[in-house]
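Let me begin by handing over the structure; questions about it come next.
Going by the order they are written in, the chains are A, B, C and D; count residues from 1 in each one.
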């Protein structure tokens, strides 16, 4: 991990409200699943750095030409990403990375199932490219299977997707109608694989919870990339905690993750927390511990 | 006064750290001495609007071509002006104006003496152009005398200065060596004019204090444009108070000013307040009321 | 769906929950060219004190990260000038008017209220068609950090707050709001004291004590040294205080501190406020109060909430 | 000119006035790839409590205008794990180390200090060449807003603060700092209580109680409801508190709250602090402490100030 002023090579729209950021990368090469944090403004609002997963990395051209570059795909959601979208190539961003634990590579012979939901596609794409390169070099496992979920055809990003990617849309306007989770669940051949398959995923909390449950059922090992609000990004503040599945406290998304094994985290609790609001006009839900079950009780 | 989204026509450097901003102006035409306030960022740091004096106004071309434009010359000093400097023409700024009391025009036959110090040149230039136009149309007084003070030749702005402007530099590297105040004080012919001269000025607090004293000595009426930190800009908050010369409380820079008569404000107290720091290594000055004399005692 | 935006504060019915805060809106007229005064739920005037006050030495304001400090020092023309010059102007307003009252002794507060009661005459509900008296209620400022005597001292002692509130209550049937300070370990006892004293509502927060030092000049940036911190920076403190106060009292709570958009106002309403005020936000953008109201209404429609007064019960635990 | 940057806190001499605040820097190692730990004036560890604490339910942090709320809940591995696993690591540091201590009863605080005293062994001045014990002082956290019992309660009662300080004083000769809360009407009596109890310094401010509500979900953004507000937003409150505390006590005051640059730190030093800590500022930019120190030094050179400890007397009235 290093902190440096990263020159912006590109910052281009790839879908409505999605952009791809490409930075000249001066630190160690990132691995799929790792992330960087950016300070998007020298002013104090927004204040905190923002984390983004790497979606790719190109080493420097040994011929001495192009510098190493790292990329991320991001969604314009709030203040920081709106500011980020305005910064033109040629400017510099205060970057720290690579941070966090990467996806563990599949063991020899393991079939990799990769699922990305929405803007969670970045790290999954990065991993897919890495695995395909390893496969092509004869060092890897069977060809990875890549499933990407989107709302609809209109929200598909203009990105180079690896050949053979399976697109899923909620409304069926492109590819499979339904989520990557549904598609994986429906595939009998995959169910057969059991522990010879390994699932990799990044996406909304509900998707991760669904996939964690499915993986458990199928006997697949699962490496899932989680999100949590971060302050330090390096493991110092305990702010980015996620509830452990065993009820024994918390793990840090930034330093213990962001990639966790399927059984490590209480994904269901996280999904419940991030759940969409009940319509307010309806009778208020009975009061309950804010984090739902288990972890809410850890207060001391 | 109106609030509207003003399109930026130009925002160009005119000297080191000085820029000229030209806005498409949709509110009433501003008068020399009036100001506008701008919100330079939708974020919350910097938070408050920033006041800038008008340096010029061009009415809309009646032939239906060019829109009305208003301009200001500003110095990049801190956070807001640094952000402002980055905003490209074509973008919009949240503007409120025209605000405050303008310079009262000279009475028939009165000789106008105009003095601008540093970035205080904006409103003085605007007034000079207005008076020259009136003179040219035969409606005005004798040709106004315009003196502009700068640090040195290198800091002269690239602006269309009215013909006959007298440049003063602290180091004599261009024009008169010394301040506009010194130049005015040295001119025996002007001293003769007495109440037939009227002084208009904008500049640092020390300059205004010096000119107020000189004007009193010479018997010139004086209209001086003051500055004070502002919150509302419209007279509602009492934040931009300036001490009255008669010790009877305060006047508001935004609504009672920014242009005040020479005898209205305790200019010396304001200059003392803004005075450069004593070198800290020296023994600390004996403690004293923060605003110096008079007004400090008004606390209740 | 059309939402019911009315809010009840004692005898008074506000047309909507969004007012403008004391000291940030003069007496209304200052902003009339920029703001539709009739669309405001309430206007809280600059503080009125018995004697005229020129205000504190200058400078009085300085910007801070996402906030500002002020030490205006309750500058105002005093009770008599208020009655002579401001009251007639206030009668022309359609929005409910709260006169913010400050003093350095209990007697001073009482004198201000008594004199205004006498001058304003009988009260009628705004919008009832009856002549406007110029004053629909009082907001008792027991919490100004910028005056040496009184102000903050009152506001941190429950016994004094209760006594002062009761004394004012005995003198007016108009809506009586007590404005609380966040500069205490716990607002609950003070809020309860105001309720026991007979207040119709409490409003909070006033500013937090703060200081900026001008490092170049080696002096406090404000002539008075400290000032009151307001603006978005303090919003989380305000929401926490309102959340606490709303659970301590049964009377309505009016929330303020750092509101610059509808989301901010909804935070206060969900925290338990029945109404809100926009202060520093008006400086930043005079359209803030109008935009807050429009945004609250849009949220209510989207969420299917019929009455704005219901929002305060809608926070999930 | 070369400035004297040393600061004395009781028996301890800090190499320079810029430390990193408790809870924002782990135990040092977390930041070692990004920050030159040896260049820091002091490291204040994450709070150590008797029992391990998993910390509060999540989410624990949320951004606010120019600030953030946290409700970490003093997550830490507990006293025994601290002694076994962290203490050996802390011995490797050159910078002075303050162990931040929290508890929910006086006994818990005392147990933590006693155990660490026993484990750390004899103390020697950092830089003296003698072996490092891993602990150069304690910072007693009587001011955490994020724990239900203890914490804030202690910190708002002068009698309890004095008694606790005296009890800890009796158990250690190491530098003893008491960390105060700004959530009181006046910090002076609490600061004086710490001084009377035998503290070598007081540090302030801890966080302000704040709340953010997620309007979309109609729940507090933090699982615990309220959290502690830190960052630039609170800096004016911190400077005002330090200014007041520095006039209430003779022992050194350590200033913190919202420092992100040298100017901020100089405000605290001019307000009367002898040293400062960078907390949230490190999250924003890990280079903050180093840049603050460089900037303070540059200012001293420009102003002709020989000793950093002189700055606290340089504020003009």
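Operating definition for what follows: a contact is a pair of C-beta atoms (placed from the backbone, for glycine too) under 8 Å apart; a residue touches a chain by one contact, two chains touch by 3 or more.
Computed from a predicted model, the values in this text were never measured in an experiment.
Distance from chain B peaks, on a Cα-centroid basis, for A.
Averaging C-alpha coordinates per chain places the centre of chain B 35 Å away from that of chain C. Chain centres here are Cα averages; for chain A and chain C they lie 46 Å apart. In chain B, the residues that touch at least two other chains are 44-46, 278, 280, 289-290. For chain C, residues touching at least two other chains, in rising order: 65-67, 217-220, 225, 231-232, 314, 316-317.
Judged by the touch criterion defined above, the protein chains are all mutually in contact, each touching every other. Of all the residues in chain C, the ones that touch chain A in their complex are 65-66, 232, 303-306, 313-314, 316-317.
Chain A meets chain D in the complex at residues 1-3, 39, 44-49, 94, 96, 228-243, 248-250, 255, 273, 275, 277-278, 280, 289-291, 295-296, 298-300.
Those residues of chain D that touch chain A in the complex are listed here as 23-26, 30-31, 33-34, 46, 51, 53-63, 65-68, 70, 72-73, 75, 147-148, 216-220, 223-225, 231-232, 260, 280, 282-287. Interface residues of chain D facing chain C in the complex, by the touch rule stated above, are 64-67, 69, 152, 156, 183-185, 208-213, 215, 217-220, 225-227, 229, 231-237, 239-240, 243, 258, 263, 266-267, 270-271, 299, 314-317. Residues 44-45, 279-282, 284-285, 287-290 of chain A are the ones that touch chain C when the two sit in their complex.
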